[in-house]
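Going in written order, the chains are labelled A, B, C and D, and every chain counts its residues from 1.
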Amino acid sequence: MQTITYREALNQALAEEMERDPDVFLMGEEVAEYDGAYKVSKGLLDRFGEKRIVDSPISELGFAGLGVGAAMVGLRPVIEFMTFNFSILALDQVLNSAAKMLYMSGGQIPMPIVFRGPTGAALQLSAQHSQACEVWYVHAPGIKVVTPGTPADAKGLLKAAIRDPDPVVVMEGELLYNVKGEVPDVEDGDFVIPLGKADLKREGGDVSIITHGKMIHTALQAAAKLEKEGIQADVLDLRSLRPLDVDAILETVRKTNRAVYLEEGWPYAGVGAQIVSIIQEEAFDHLDAPVIRVTQADVPMPYAKNLEQLAKPGVDRVISACNRVLYRN
Amino acid sequence: MQTITYREALNQALAEEMERDPDVFLMGEEVAEYDGAYKVSKGLLDRFGEKRIVDSPISELGFAGLGVGAAMVGLRPVIEFMTFNFSILALDQVLNSAAKMLYMSGGQIPMPIVFRGPTGAALQLSAQHSQACEVWYVHAPGIKVVTPGTPADAKGLLKAAIRDPDPVVVMEGELLYNVKGEVPDVEDGDFVIPLGKADLKREGGDVSIITHGKMIHTALQAAAKLEKEGIQADVLDLRSLRPLDVDAILETVRKTNRAVYLEEGWPYAGVGAQIVSIIQEEAFDHLDAPVIRVTQADVPMPYAKNLEQLAKPGVDRVISACNRVLYRN
Amino acid sequence: MAGTKTKKKAADKEAGIDRFSPDQLRHFLREMLLYRRFEEKAEEAYAIGKIGGFCHLHIGQEAVALGFIGPLRKDDYVISAYREHTQALAKGVEPNIVMAELFGREGGSSGGKGGSMHIFNADQGFMGGHGIVGAQVALASGMAWAIKYRGGDQVCVCFMGDAAVNQGAFHEALNMSAIWKLPVIYVVENNHYGMGTAFSRVSAVPVVDRAKGYGIPAHSVNGQDILETWAFAEDLVEEVRGGAGPQYVDAQTYRFKGHSMSDPVSGTYRSKEEVQEKTERDDPIRLLRDRMYDAEMLDEEELKEMDAEARKLVDEAAEFADASPLPDPSELYTHVYAEENPHGRLYFDGRERPGQEA
Amino acid sequence: MAGTKTKKKAADKEAGIDRFSPDQLRHFLREMLLYRRFEEKAEEAYAIGKIGGFCHLHIGQEAVALGFIGPLRKDDYVISAYREHTQALAKGVEPNIVMAELFGREGGSSGGKGGSMHIFNADQGFMGGHGIVGAQVALASGMAWAIKYRGGDQVCVCFMGDAAVNQGAFHEALNMSAIWKLPVIYVVENNHYGMGTAFSRVSAVPVVDRAKGYGIPAHSVNGQDILETWAFAEDLVEEVRGGAGPQYVDAQTYRFKGHSMSDPVSGTYRSKEEVQEKTERDDPIRLLRDRMYDAEMLDEEELKEMDAEARKLVDEAAEFADASPLPDPSELYTHVYAEENPHGRLYFDGRERPGQEA
């Protein structure tokens, strides 16, 4: 085991897959000479050259489309969005070209492409730079979406995404890049985490906190506090939103009969709404309480420190949601 | 009362509001000389001139942004998307400029703009031209979304939308434009339907079919068939997705204890997921069965007639969903 | 200045009929007759409900398709918008499977899933068939990127309508092709209208000038004259194959029919007279025919035979299409994903599907 | 060809110091000193955590802001990207409320909700402060559209960075402004880099040529020379006010600091030497000072006083900002909507809010 940052884990994943497959290339803003806005691609330009590590103009729609076109003829592009906030400009190429190409062509044109970058809020970046963008992508069939929350998951899932024959959106987190964690050594060979497998990050039994992405850390903190009050919480990290590990969701809910969904984004038609819908349909008789969702405040992200803190879903809100589904105080 | 088409109702709404307020103008592709791709703006060029009825280039991002800019200084643009499929290209200006302008400016810059056009599938238009786009918009705070399903609702809601001080997305339906219905006569004065009020389109009592937009017609057909089997269904038309008439939803569910959500779009994080989440949280003890959703097949829309038929949510699926929540056969 | 030269290359070849062998000329005529009859058959089929949805005919613009695609190799790429039936034929896609796709049948190029706007045939290097105006321009840059990435010598030809130059994707894609010197030819099929909007109403400058801001050579060609178009394109393709980098072509043409089946041929946006004059004066097939008559390389007999041949091919295509079954219902869920990962759920509609839990 | 003329108008005024009155020149100096000291104060405040998030300093580019905004009327509009503090000051926004916005305080121009990237002051016609590269270009066309719609004689000035010309929004917006002859001046603050990317790496042609495809007059100006820039802009604004239609300006300048607070001033993308040379040779404040010295319109004493004045103003701004309270928590839910319609639910986070059911 090596202890490395989430950033380093992504960097290793990119490097290993580029070594393995000459058809893999990385394109995006500042990925080459600048080592990436968040330094995820540090050193890759020197190692793989400017043919495979490519600085793009600030043309999200254009370079996303270019990536899709390259994938149409068999390359395996990794397209980096500096942040997913800017990917909204490219959404047409992802939803209408990438996600539908295989279908419209009757199976003739596979679309092995990865779109990656940080999603969600960092610190005081204000309304236009603090959006959790999962929903724009996961809503559409033809796309797969993964949201690693730890270094190990980041490495294993990005490698799987690059090898996947379908378009995979890999959503990272600016606040995750410095997070350290254990990751299998490179020597120990190929470390890949299959898409579609959730991970029970904490074993409890009284209540299920289900979440994804960087929120797993908030969930774990909440679970630790709850433990002090004598409550044992399962913390289920979906890791992959599509494919979705429904079995794991149902298993924890059938065990605890109480669930809270925690996500960084907005509530209306959020990921949590989908999970709640699945739970109430497929574990109806197992629920002792409604599933409660904890999300960002339903407002654009404000700049002011205090307002931003209020807007974000925090540990306390998770705890009181757990208390609600446990009918405590 | 006058009996007119949905198309004529929209046309009347536009004409009346443009008469009332010189700051209102209509811009979009083919809206002027061509009378609109679907003839919604028929005759308006002659009546209001090319200053107020404006043919745009095929530049969705650009003219949506132009509309937002015009609204920033007090005009009341009505921006027509030929169909909402193409609005994905403009999403950045709607989500990042229009929806956040008032907030980012601390209340200085209101955003009285309407984005309108048909959403959802018509007949055999294939994958890129058959998308229900509600979720891209309703997910984001700062935006209001209405989905009229009848001529009267179309007129009343579009007029309300144009007068609203906030960005309102008005989603119509290509297959609705020819639908006829009763609408109050122009002489009877100003006919406006407030945003945020659902409409019980049919009074039943055994089961609640909740839906929006053009699906209300499918729901009503299903209800009629169910009646033959002795089952009385409420058909609740949300009409407005944001603001959302939660009281009306809870009322019908508390009455029937069984609900089905019907929508045209995809399931994952769909509008229905949000409604289910609200129901299970706020009417948990009233549910005798899980809420079942009926949606488009979770695939890009295929072209072939038979496959398209299969992909769309039809009357039979609504009926069997009702039977499921009623635990019949 | 390279960025804005509009060399009328082909112009030198004005009367350049001698550039082509009699066989070549007959081939041109056969091809364009096939395209024309194919579209007329599609029109017929649409009228009786065998084809649904949007159907955009290429009638009048045949010489642009043949001229720019004919000189290509099989391993070159062609990509287009939704007015692409004849371009598919020109790239070697079987009329049978194109027609079957229009009919939405199992035997279609996309198994009936794509329809008129989404004809694909990877084997022939015909890469669609795209419905979002301008989107294919960026996709073309991507295919050209791949060619260069692999060190290949193929060329990518990207067709778009005149209205597509107003899309942001056009701007971003041309700029990237310019800075990376990609082997792509952007052909604007300038039929002067986007639906009901004259280009002059949505651009302050002519089509050919719209690439001036990128440092990409721009050219104009008479897209109704197959000899001029072919000669010009043949040379240009070789230049690009040789590393000349991206090219932009304003191919002037005219749409003889309405925008799509539901739209009027003429109306407020263009007069009957204009359409009549254009169709009479600028029909690419008639133009070639007359030049071959003048050069005494063709007589009416031969033309009749060729036309009969073309009609026979499209009749067969229609029969093939008609005989082809509708796609099997199980096809609804195929090709959404190339791989259903062993774990997790991909479909959330709660419906029964072959081989997955609801 | 109107589309591509690059009249170097201002050039005639090279030594045009005599165009300006001593008072005007002193005003220029005072203003630019204020901008410079303001940004330096912001840098300080950021270092000690009083300002958070992204903070993009305008140091080195002051003459562009002053030159293009100074000649405007109060009812003209200015819109910009996220590097806009000094532009707000130039348009008459109080330093106090700009600084308070950077601090995220109630007294800020947006009540602390916008922050560094989203300075707005509608009363002064300063329309933001936008964070999505290129988005403001389309918004500017909209404001110019509104001016023309109402028959007004205002002008809209839109600032953007050089990298913004590669956005589709730029393309679509310039085309619309051209076809509708809108009263807007697009000023590219060409500091030659977008973050760490030299413009020459993402464009095959110079900034000034990037508007060639629209039929919009393009100009270049030395954005480090306030006299040239002001003189040029003053004339151009009047031309546009008089109906000359949209204009495109390549204002050549240089960013003296890193892209944002977290980014290095120099690095792989630009050398220490380059930065040093530029900051020494092309400092707009020093350039003006020296010309005033040469013309004996300024002595060191006076300069000291002016600078002290500027420092005093920014210190006061910082004090004002610091003294201003954080926004009240209830502000979280204000200004999401201007009107909460009497019916229905607008917020779905299930949280308690003043005056709405959870």
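Points to keep in mind about this one:
One rule holds for everything that comes next: a contact is a pair of C-beta atoms (placed from the backbone, for glycine too) under 8 Å apart; a residue touches a chain by one contact, two chains touch by 3 or more.
Everything quoted here is computed from the prediction, not taken from an experiment.
More contacting C-beta pairs link the chains of A-C than the other of the two pairs A-D and A-C. At the far end from subunit C, in terms of centres built from Cα atoms, lies D. The distance from the centre of subunit A to the centre of subunit D, with each centre set as the mean of the Cα atoms, comes to 36 Å.
Distance between chain centres (mean CA atoms), subunit B to subunit D: 39 Å. Here the spacing of subunit C and subunit D, counted between their Cα centres, is 45 Å.
Contact of a single residue of subunit A with at least two other chains is seen at positions 56-57, 59, 61-62, 85, 89, 92, 96, 103-104, 126-128, 141-142, 242, 266-268, 274, 281, 292-293, 298-300, 302.
Residue positions 110, 112-114, 118, 130-132, 166-169, 171-172, 175, 179, 201-203, 336, 346-348, 350 of subunit D each touch two or more of the other chains. Subunit C makes touch with subunit D in their complex at residues 3-4, 166-172, 175, 178-179, 201-205, 209-216.
The touching residues of subunit B, counted against subunit C in their complex, run 29-30, 33-34, 37, 55-59, 61-62, 85-86, 89, 122-129, 266-268, 292-293, 295-300, 302-307, 310-311. Those residues of subunit D that touch subunit B in the shared complex are 77, 79, 108-114, 118, 120-122, 127-132, 135, 137-147, 149, 168-169, 171-173, 175-176, 179, 334-348, 350. The touching residues of subunit B, when paired with subunit A in their complex, are 61, 85, 88-89, 91-92, 95-96, 99-100, 103-104, 126-128, 135-136, 138-142, 242, 266-274, 276-277, 280-282, 284, 287, 289-293, 298-300, 302.
The residues of subunit A lying in touch with subunit C in their complex are 25, 51, 56-57, 59, 61-75, 77, 92-93, 96-97, 101-112, 141-142, 144, 164-166, 194-197, 240, 242-246, 274, 278, 281.
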